[in-house]
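I'd like to ask some things about the structure below.
First chain written, first letter: the chains are A, B, C and D, and each begins at residue 1.
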């Protein structure tokens, strides 16, 4: 038993620091908000963090492939817009709307992936250009904030559903799916292509298919994030997605995902997103002047990353 | 009997540069074909046509009686029973050995790949190639030689009928080569075929049935092994006789050392290594794979953090970065050519000029680099080391491996180094070029350089060096010089990890005429190892490799 | 004690006589960087100071979401958890904050939105009529052009409610004048240089325009600057109380340049705060407080323009307390 | 100078930077033939004048991208320099002091970026993003929220004046390009930057001064962003905290459209000039057509992707 624990710990050394940081944040948070661990708080917080966590999961998928997605925010907005406008037309219930939004996001991801895989364009460039494209499409779908999400759903999401924190449940589900996926051939192929693309190709892997699949999967995560955000806010807003691009990158990097692909785990990303979310919340509680909040956010991000690099470099030697 | 594979009249050009000219050869079932040729002769290119990495401009590849389809790809080739180890490693350093072995074809149950299952299935494959490692180790943590064996296991995982080994032994020590030969013979005995490429002549003769010689992209001859010999093949390859592979060794007593290292320790790799490098002397670092040879060199070049005292011309120096080392006129040709040795994506010209920028643009960093001087320098170096490039503007990655190696060495020459550190300087280099490099190194030494070489090739160390320090688990266990420097003693010290003083007399006696290396070396070595095996032999290579 | 239990605060509020005491006030704003917000913050702070010395407000905190609407949601939730009594909000999205704000209302917090408003009917909303803004400008321009001519429209960023509303207001007016043709509809950030660039592009495609409809001061300034720099005829341009524009307008008045401007007055924030306090005190504050749009014309321009102040400011006079009281139903 | 011309001509021949100019010429021709107003001299003049603001930032960005970095803090630095200069100039300092202070601070930001990337080993994207965030906060504190206006005569004539009918801003941009082109393509430091961009390990093992090179690139980039801020201050006569925002992603797009590899180690500075002009022209063209904003963005995105497909693909193997 102890052996298993130590093995598990060894496999996660890179995450221990992050976990410790998260604990510190939680303790500090508890100090400001003693009801932190009550079901209501858990519901509220998970509702708040779910979109970022999902967006970061999408970003992580792309980064594991050695790419980066600068169009994530735009695709998130697009999914949100499709979900809420379709639902507003009352044309077939929430499930259809969600399925449609998800399909659109997956398609957008697949288009990005196809451009990266077949055109030989660097991902950062493709997705930068695609960010114009997808936010344009979003504006065509939904020229200004609006749309509709059933009030019951919004309430259930934000305030719990028979005492169940729906967002937390959704998150658990997504993580379980990822874990399963990670152990399929597709999951392994994702890591293989990210770690050494040419090698994977020379060894007979359909690297292009894997890439397109990976980007599409990222699209799915992003789409879910968009739907989550729509349900959280009860509507859609074509410009609301933008900050998620950079926030998701920050969360992934903090979670130990390498910019060069092939390295990192989803649980790290989830921790990273939680740290970022909690940190911003904590800054709200401490009541630091809003002028300084930006400064502190930036400094903490750099400090955390520098510390992480330092620690892992020591460990690696 | 119908050949398993026949390559018929294939031609291939890259950007107008014709690399293959109507090349044809066949491999029958139960046959081992050796492809021989100088660097850049087109061996890897023609094999890429077979494995689906490239498509021929004209001609065709016929596999099992049928021409391969237009959409031939590595994927299809593997599915059709062609397994290959490419010249360039294709492992994913971040995944486990087991995951790498089954890359792309992970065995799964109900769609899920179980790690334990994977490891269990990988183990017999790893054993087959003579690897005793935990299949769950990350591939990137293994030393290069072991990675190459993992590649072999990966090729075997798809149970190929045709196995292509493109310099699959270049990073292996003798024992590991033995394991590869075992696999090759096994496969041949079961009716499979193997195409084998190597620049070590002895290996070729040890394992192949026929040899096909490529020169400048065309087949010059195909010979049965029985009907040919070393000199014949070399003549076909190089186009002339090659005498004296190794240069004359230095004479006289050792001069005052230029660089002295005392107590050199790199945590986790080597400890308390003492080395004296003197002008005019070529010193070798021997031993099995991964006994810390590489780290000693990296430490002396400021790339690995180390402790110990280093003095240059009697003055203590700190070498904490390559820039320090370069400033003290120490040069380093790394083992990992593609990431450290050359900039693969940059032109030959840029690569050659990079370490000499200070002389091309004297003054401050803002000084303009003189284009004419640069051109002259590049032309001179290309000429001096006979680097074969379409033009100086050709990207380094488009060069054959051997020519890349020459670039990695040539770029240091104008910097006028005093100490030259070379890790595996002739890995993947054809025999003609090898000879050139040996003679070049000796010439440089004669001009007053101190040279330190690591090599997995015992013959090379014996033939080239004035003195060899044998490392075992990071410690120097023996120093061989003069008449004591023989292959047997070197191998013995490497695998036993102790000095072999007791045998001195016997050895010197026996090896008086063994200066010319024999063509059947591997068998000899295997014999030597077997001899030692009878005694209690410590487990080699258990030193962690950072 | 108001802080300890929000439910008592609520019942206290609905019972008539309660006086506001030591209220904990928070303001969540989508941006703090634009000058308009800075000016708003200062005006708000001044009013807070006044209320503090009157013993009505104990603490006042500002939260800057820096353009991230999701963060604004977090801010509102944090304020709910910290049991604020009053939440003021300048919303980054007209819809996205609704659930959070309604949750705050349900928790007994007095929520007042101002400037950029959410659509929720449960919060008190203090604003100007953005559609009226658009139609006021459009009417003036149409009148100036005698109902016919080509016009370039300069709008704010696409997909933002304020910008879309102003344009919707203008569009209905322009529809009434078939002689007026919108030859180009430009969207731009409220940012001088890119706006100037966009305007110049549209203008060189249509150099014979008769007027410019602009729905923001920086956009108007960009358009006017471009005309001046290119030495072109100064056609009428609608504007806003952006000081940079007002200064240019004043300096070119002699050359026959004519404009109209209105303002999104900074005192919206003060009205919002006063409304919140009044609400807690039991006054029945109207749900929607529409503040009349000021009108800056060629005649009263000099009352507004402040030549000694930076361009990037929005001159406006304070609103008399009596008028505020009237608006909030005191 | 003649050396620079010769080298540039040689490098441009058959290169991707030449493509940028080819496409630019074609687009311009098409614009003149098929769109209204593009045949007028004043429009041309205005176009190159406004392209200069973006162009100056993009030249700096090129220096960083070539050595395989990226600078997302340029938007912050543009605002920083304009705000600081305006505040100093409108206060007691006067124009010259203002300009000096602005440029010094800009350079400082560049140094901080480089320090984070080189010493703390934070990935460039995250490091510069964080400095950008910190800058936004710091500027809020510094200005107390109200940035000043200032008429600095030197900047005014630099931004708005003309030399023989050519806008000074454009002349300045070309001058800067020449100096930066010499730095990048002729000097020793430039060679180091290319080497570093093509592969860090090989560069280190060849004795390239990694730190010094990175510092030069980041500091130059920030300095140029500072210059752009000053020119913008001259152009608009006022400073604001958000005035740099448009240049963050557009500068990267210009670099890429100019044929420089985003992965570093390959490209030409002149390409960036073409890229910035092309981007400005495309935006202007789209503005002059009466499209809805959504459609406009879709068209821009598709156009950029299309152009990149034509000449900016990364070759494999």
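Here is the rule we go by: contacts are C-beta pairs under 8 Å (C-beta built on N, C-alpha and C of every residue); 3 or more make two chains touch, one makes a residue touch a chain.
Source: prediction; values computed, not measured.
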Worksheet entry | Chain pair with more C-beta contacts, A-B versus A-D | A-D
Fill in: Distance from the mean Cα position of subunit D to that of subunit C, given in whole angstrom
34
Worksheet entry | Distance from subunit D to subunit B - Cα centre to Cα centre, in angstrom | 45
Discussion item. Please output the residue numbers of subunit C that touch at least 2 other chains, ranges allowed.
Written reply: 32, 66, 158-159
Worksheet item: Among the residues of subunit B, which are close enough to touch at least two other chains?
Response: 53
Worksheet item: In subunit A, what residues contact two or more other chains?
Response: 138-139, 143, 198, 290-291, 293-294
Worksheet item: Which of the chains are touching one another, listed as pairs?
Response: A-B, A-C, A-D, B-D, C-D
Worksheet item: Inside the complex, what are the residues of subunit D that reach subunit A?
Response: 116, 120-123, 125-127, 129-134, 136-138, 140-141, 145, 249, 252-253, 256, 261-263, 292-302, 304-305, 308-309, 312-317
Worksheet, complete the sentence: Seen from subunit A, its contact residues with subunit B in the complex are 180, 183-185, 187-189, 191-192, 194-196, 198-206, 262-263, 316-317
Fill in: Contact footprint of subunit C on subunit A as seen in their complex
32-33, 35, 41, 44, 48, 51-52, 138-139, 142-147, 154-155, 158-159, 229, 232-240, 242-244, 247, 277, 280-281, 284-285, 287, 289-291, 293-294
Worksheet item: In their shared complex, at which residues does subunit C touch subunit D?
Response: 32-35, 37-39, 41-42, 66, 158-159, 182-187, 189, 191-194, 196-198, 200-207, 225-226, 229-230, 244, 310-313
Worksheet item: Touching subunit D in the complex: which residues of subunit A?
Response: 68, 70, 115, 119-122, 124-126, 128-141, 143, 198, 246, 249-250, 253, 259, 290-299, 301-302, 305-306, 309-310, 313
